[in-house]
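You will see chain A twice below: alongside chain B first, and alongside chain C after that.
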Partner chain A sequence: MTRAEIEAKILEFFRKEFEIDNPGMDDDLREAHGFDSIDAIELLLEIENILDSELTHEEKKRAMDIRTINQVLDYIVSLAEARQAGNRADQASAVKSR
Partner chain B sequence: MGRRVVITACSAITPIGRSREEILHNLNHGVSGVKVLREDDVLTRYIHSKVFGTVDYTIAYDFKRQHRKTMGPVAYYACQVAKEVLEAAGLDEAFITSGRLGVAFGSTHGSPTVQRGIYKTFFSGSRNGFSSIGAVDYLKSMVHTTAVNITKMFGITGRVISSCTACTTSSQSIGYGYEMVKYGMQDAMICGGADEYDTTTVAVFDNLLACSTAFNETPHLTPRPFDEKRDGLVVGEGAGAVLLEEYERARKRGATILAEVIGFSCNNNGGDLILPNIKGIAETMRLALQDARIPADAVDFISAHATGTRMGDVIEAQAIHAVYGNRPSVVGLKSYMGHTMGSCGAIETIIATYLMTEGYIVPTLNLEEVDERCAMIRHVQAIRDYPMRIAAIQNFAFGGVNTSLIIKKWQGH
Partner chain C sequence: MLSMPRTHMLDVIVTLALWAWYIMGYLIFFSPFYLYAYFFSKRKEEAFQRLNHRLHRHFFTLVRILIPRARWHITEEVSALRSSIIIANHRSFLDPILFVSLYEKQKTIVKKDYFGYPVFGWILKVSGYMPSLTNGGFSDAMMTQIKNMADYLASGGNLFIFPEGTRSRDGRIGPFDKGGFRIARLCRAPIVVVSIRNTDKLYPPDGLLFNTRDACAIEVELAGRLTPDYDRDNMSTADLMEEARALLERKMTP
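Now for the complex of A and B:
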């Protein structure tokens, strides 16, 4: 999934679930749009859906510093990359053990 | 002696309407709010009772997303009546957020609609079952969801009481709110209760053979409190809120006073959690009279709990007779709308206030032939002028909880 695809999904989620239309990519979501802790937890669930993978506690804690849409996208991209890297490592060890 | 406590605003969502005018119109014309139970594809196929006290009109809500996101249907009801009460009272923002205004509000069990969604997720067997439970589901469905959604919406920082004692939920709200103000802990309290459309409660009473089943084709003919042909209660939905204020404060700010709360009692039967108990409910009536410092013959009107069950109505009639004799007129308001559970005490208090102000009394609907075991008290079978000074509103709940509220007509400063 490209960053642009993730962005489209996140902006659609913000529009539908949070009624936040076209936020500036570097807007402080709390200050500018009243995004709160309840929204943050809902967003994490949506990120799990996008990644089709559960987040670990450590990963969720990292999200607590996120303030902007750009930071949300950075976060998701890094999680997606970590999962791809993990998958490659799994495949490599599967090949080795054959 | 404590401070005087007055009701300065009220609002209701009932199966017989919203506004004072609409509710009085339906009471005056004997219009019932009991309708056919809607299919829910879960429980209705197992339930023998096919009637429900239904709110079947649209309510135009105007809540911001920040507030909506933690609200299930029951909180929509609660916040709407709370909003209308605050608007009607005209309290200023500074007071609302001062910590001197509190909230006493509850429901039978939060939002059953939201809880049902949670259970569906649990039992769906989906791999993502756990993570697909929304983070706000708890806030929407928890038992104090009504009270805290109200505090959140209006920035209220005072005390929070959230009774969840089924049929005595909102009578406790008003009673405990009254005590908060009377004893100086708060200067005003928003008090009430709400319950949303829910078939779980119907199923519970149905299993206990306590629901009406003989009038499924003619819902408006049930419940029939004190009537020979009564065959059980009818569950309903609704909400009611009153604003209680310390009298001097209300007077100084020129508030319209609707009635004065002069007494409250709450006790428990101390035993069986289901069966009505004449000793327990008679005692709660006596305790309320003591709290109000009035003799039994000062009470003109009794809003009976009167759910329309075979046994409950007989025990209540006997208890009323034991405490009050046959002087006060007794009406079972649930005959018009069914048993609105967590909201019934507030709705019945509001209607008692309306009737007291109007100076007339409405009959217990469907009371055609009084059961001789209930005949020792003064029933009302036709609308008539009835000036009254003092009314008692009594409610009894599963768990053996009993309450009696005593209110007095406001006759000027």
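Now for the complex of A and C:
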């Protein structure tokens, strides 16, 4: 999934679930949109949906520092890349072991 | 008629007796059951909620015995609520523990500081209650709680929330926090609005003592139900909050 595709999904999610239309990509979500704990959890659940896998404890801890939508996108892209790299490594080791 | 100092003395004695029972309930009477449930129950959360319910039911039985001038009117509709997200106004410290006494399966959002108290904080945590975090932070446990909330509600559990976040000092309904409404939306759950009256007369929000002197009628009644269409395109949490507030205000208006 490209960054643009992730961005479209996240913006649609913000519009539908948080009722935030066209947010600034660098808006502080707490300051500008009153983002709270429940919103943060809801967003993380959506990120798990997008990635189709659960977040680890460490990944959730990293999410605590997120303030803006650009940071949300960076976070998802980095997790998606890490998962792809992990899948490739698994496949390579499976081929080797044959 | 009792003189002022003597009636105040009665307040002090009754208050000490009630809170002594409350603390001993946790530390002595119920602690073996909590420990047993913690080590041996397969469903710790449910077992702890059941114990909380029993402890608080005993507590309110004692309140009724020791303060006979307080009359209680809790409607059958409210007592029978299951699988509901309950939104209520907040008048007294008694409100949340009254709900615990009403429902065997109950969860709520509790001030974060309480989770740091010895014994009590541990019971809150194992019972599956959620800390209220105002800084936008969250914890793994809270995320798991919210993830499992729809299943918990489906199993008959209630989640009760006081969206004002604090006790009303003047009887008016304060501004609402959106948290409970967001959880309802996330779980696609209907909302039940419950009005509470006069618990502040029995245990004032800024007082330390039960008021045993004045007759009061405590009323806990259904103010209405909201069944929002969460999939509607222009669904608004703010509107939902306003609807809940309107139901409460209508019910509270004499």
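Quick notes on this structure:
Note that in this section the second predicted complex is superposed on the first by the 98 of 98 C-alpha atoms of A that agree within 3 Å, B and C clash if a C-alpha of one lies under 4 Å from a C-alpha of the other, contacts with A are read in each partner's own complex, and residues count from 1 in each chain.
Note that in this section contacts are C-beta pairs under 8 Å (C-beta built on N, C-alpha and C of every residue); 3 or more make two chains touch, one makes a residue touch a chain.
Bear in mind that the values here come from a model prediction, so they are computed numbers and not experimental data.
Look at A:V77: by the touch rule set out above, it reaches neither chain B nor chain C.
Judged by the touch definition given at the top, the superposed model places A:I41 against both chain B and chain C. With both structures placed on the common chain, the touch criterion links A:L51 to neither chain B nor chain C.
In the superposition on chain A, contact of A:A32 is made with neither chain B nor chain C. Using the contact criterion defined above for the overlaid structures, shared-chain residue A:K60 touches chain C, although it does not reach chain B.
Of the two partners chain B and chain C, more residues of chain A are touched by C. Overlap of the chain B and chain C interfaces on chain A comprises residues 19, 34, 36, 38-39, 41-42, 45. Here chain A touches chain B in the complex through residues 18-19, 34, 36, 38-39, 41-42, 45, 48-49, 54, going by the rule given at the top. Those residues of chain B that touch chain A in the complex are listed here as 65-66, 69-70, 128, 131-132, 134-136, 139. By the touch rule above, chain A contacts chain C in their complex via residues 16-17, 19, 29-30, 34-42, 44-45, 57, 60, 64. On the side of chain C, the complex with chain A involves touching residues 132-138, 140, 142-143, 146-147, 177-179, 182-183, 185-186, 233, 236-238.
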